[in-house]
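Consider the two complexes below, in which subunit A is the common component and subunit B and subunit C are the respective partners.
Moving on, here comes the complex of A and B:
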């Protein structure tokens, strides 16, 4: 998922008799599956948590442009170039809807950008890994977009209206993105031995970082209960991770690729694959800013923002002049 | 998550073959006499859109605002689409079995035939925006004339591209005016960009033997006939943008050696680095059935 470890700022879920009348009415609407809209009353912690979650999701979309954008100029055919361009453009579009959804909660896009650049807000850990070969474009589409879909499909039913509606369109596009990633993998595994090796190598490098995308294990996920009561999180991290593994393993087999996990085994009893957990220490280190590409990614965003200041100021100044001219006319 | 069967799309090559079989008949495509000139001219068209598409792609994820990032990649996407059509037709005219991809990725930088303006490195957004406007204004005039080509295939591509380029020129015009008449800094950057780029604009209107053959066959207008309309539009927009048109005499075409279209071969955006994946050994697969 694109939002990991989102703090709710609460001390767990309170009982119904501890809620104020306003809070009780709010929770009743959520329990009745009635969407919360921007002008409705909402608890301050719900608003704050949503800003964190939607903001982190939006940041992930735009930082997520970088590892793939890096390969647009080097895509191996004109068609692949066009598809990748369209895909990365979609991701920027997702960022745009999500920043707009966050704005309805009373925070501007510029404020959110500043929080990203200062390190106060995070983006998904997955984008701090490098994309080394063309096969990584396949692995990112297949696994990263695949993991994102796992989380985002249920979020179409999330309690906050603008977020849920943004997610409907995003999910349609993400599903297409995953198919394009899988299509790259399909081509590569049926090419030369070197290409197949490249595809396997990409799977090896992206498998565990993709599993980390769902966030820490449920037992370590301290904020989940409140987020689930508010229906801004629909499933637990472990549920989604398990579902992802169950669906992805047969897809890897179809490609003739091996999941890099010696302990991966189908469990008849539970009807699930048993699998190894990612290295959670690595996950924490990446979130803290010590992944392989954290500095590069954030540096690129800051450079784009600062380098574009004169451009944004120029457009704003013209708009002001034009408005004055209209008044004078 | 899509099901496994959903992940297997129809074979793109088969779809492309069906589309190819439905192509409009065009006697120019098989005319042996005009073949070398027609091929060369189509490469000029395809290389120009390819190089600019490539340059704009470099901005992907690095734009000054999200809307701008989307617009730049969208323009790049349109131009890559035009490249597929122009170079695809070039391959057919050449009749030596080369595909658009082979023409785009497997020629050496010195064999590229793009107009010089689109090669100029991105610089800041001032250079990128001004380069786009100066080219869009030319591209628009050219495509409009090409919709009347005696080659139905050229006219079809031009009609499709014109729809997109009409929007490109509208957008770049708007940005040039806003930034030129924005803050003192944005004005200065736009003027500086114009001063850098102006000397490369003359090259777009250089007409040689290839162009004469194309004009004679009614396939394409001679580029020199586009300059008047281009200049009129450019001067109007620059005036509104409060920018000064540099001295017309400072254009570069006369200085360009014969038959050499590219002067930045070393910084060519389709260099061996960019095309490394497709230079992989025979049998490599990058899409369905290639």
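Moving on, here comes the complex of A and C:
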């Protein structure tokens, strides 16, 4: 998802009798749906995993602004421009809510930034794909924010208080993102044949990368059990992916678009769509840094960070001077 | 890093005249910028009519391990609630 493949640094889930009294009390609180707050005792691995997960989630929100920011100046109407700008601004807000949640665990904002820029921390694979046409703004809102919602709604109940509260804020804002994307798609498919073709092309390119957002298949997802016991992951990757496919296919049909999967078929028995898995080798390559836009995305982030340094320092210097003047007065 | 902006806690009063409520935090060089940033981060959809900001380091919190001694004494004082008292129906609404 926005946090894919987050390592817990543990080997499976330990039995209750292997836990220390502190750990057992901690697990009992989680099992009783009592929120863990920053000053509460927590196992070191829980803290570390959460920093990784929330950090990765925050980075995804921030890097996720880039593929859409790419189209702000070229939106087809003033209204679409204002909408896209508001959406991208929301994503900045999401990043800020999440960075603050991560910081309550004892990592600083600058550390988080440095880890993103050095490649030590990741962001979602989806943002390493290019946005080539205006229809991509439709596909991203509809599919990428749609997939994000699938994952974020259950995370509102996650065990760590600051993370859960950030998720509540974020979920309130996501629905607008998905609907504005679908609305772009509706305009495109009712336009000229060339515009409809653009919409289909955008769906073709974003379908499998969107499926990858949920992370590897459950059988290859080694850290899931511990994360689920800690309630920092609420559903398995395959569960959420299936839910996403079930919801999205009828939406594509409404648009008159075809999901690029010849094996997609409604399964009467299971009550689910059967569908093809994405290319997991491609997923691994993108995570490793070899997707179509990895270098460009990270480059843009580093440029913004380094280029903004004089400005951040200037404001800090001004604040320091003004404080001194107040003391003197 | 030495130059990291300090952290501020943000409190917002919503439309309906309720108390300021803690909504989250953000980094800013000074109080004025903290308010400006809070406007953009926490009130993009008219969530508030007033903003307070306070340096996070200026907030003193109760410690979680004191939770018992701090809050348990209120537990057995049910006579502090109106429902503790049985008032006959004939008396009417009270």
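Rule of thumb we're sticking to: the second predicted complex is superposed on the first by the 329 of 329 C-alpha atoms of A that agree within 3 Å, B and C clash if a C-alpha of one lies under 4 Å from a C-alpha of the other, contacts with A are read in each partner's own complex, and residues count from 1 in each chain.
Just so we're on the same page, a contact is a pair of C-beta atoms (placed from the backbone, for glycine too) under 8 Å apart; a residue touches a chain by one contact, two chains touch by 3 or more.
Note that the coordinates shown come from a computational prediction; the quantities given were computed from them, not determined experimentally.
Asks: Report for A:82: first if it touches subunit B alone, second if subunit C alone, otherwise both or neither.
Replies: The first partner, subunit B, only.
Asks: Quick check on the superposed pair: does A:110 touch subunit B, subunit C, both, or neither? Answer first, second, both or neither.
Replies: It touches subunit C, and subunit B stays clear.
Asks: Could you look at A:190 and tell me whether it touches subunit B, subunit C, both or neither (first, second, both, neither)?
Replies: A:190 contacts subunit B only, not subunit C.
Asks: Among the partners subunit B and subunit C, which is in contact with a greater number of residues of subunit A?
Replies: The partner making contact with more of subunit A's residues is B.
Asks: Where does A:34 make contact in the superposed view: on subunit B (first), on subunit C (second), on both, or on neither?
Replies: It touches nothing on subunit B or subunit C.
Asks: In the overlay, answer first, second, both or neither for which of subunit B and subunit C A:96 touches.
Replies: In the superposition, A:96 contacts both subunit B and subunit C.
Asks: Touch test for A:265: subunit B only (first), subunit C only (second), both, or neither?
Replies: After superposition on chain A, A:265 lies in contact with neither partner.
Asks: Of the two partner chains, subunit B (first) and subunit C (second), which one does A:312 touch, if any: first, second, both, or neither?
Replies: In the superposition, A:312 contacts both subunit B and subunit C.
Asks: Just subunit B (first), just subunit C (second), both, or neither: which does A:24 touch?
Replies: Neither: A:24 stays clear of subunit B and subunit C.
Asks: Under the contact definition given at the top, report the residues of subunit A touching subunit B in one complex and subunit C in the other.
Replies: 86, 89, 93, 96, 109, 312-313, 315-316, 318-319
Asks: Of all residues in subunit C, which touch subunit A in the complex?
Replies: Against subunit A, subunit C makes touches at 1, 3-5, 7, 24-27, 29-30, 33, 40-41, 44-45, 61, 63-64.
Asks: Which residues of subunit A touch subunit C in the complex?
Replies: Per the stated touch rule, the residues are 37, 39-41, 86, 89-90, 93, 96-97, 100, 103, 108-110, 165-166, 169, 173, 312-313, 315-316, 318-319, 322-323.
Asks: Going by the contact rule at the top, pick out the subunit B residues touching subunit A in the complex.
Replies: Residues in contact with subunit A: 1-2, 4, 6-9, 12, 50, 53-54, 57-58, 60-70, 73-74, 76-77, 80-81, 83-84, 87, 100-101, 104-105, 124-126, 175, 177-179, 181-183, 185-187, 189, 269, 273-278, 280-281, 283-288, 290.
Asks: Using the touch definition up top, name the residues of subunit A that touch subunit B in the complex.
Replies: 62, 65-66, 69-70, 72-82, 85-86, 88-89, 92-93, 95-96, 99, 109, 134, 146, 149-150, 153, 175, 178-179, 182-183, 186-188, 190-192, 194-195, 244, 247, 250-251, 254, 300, 303-305, 307-319, 321
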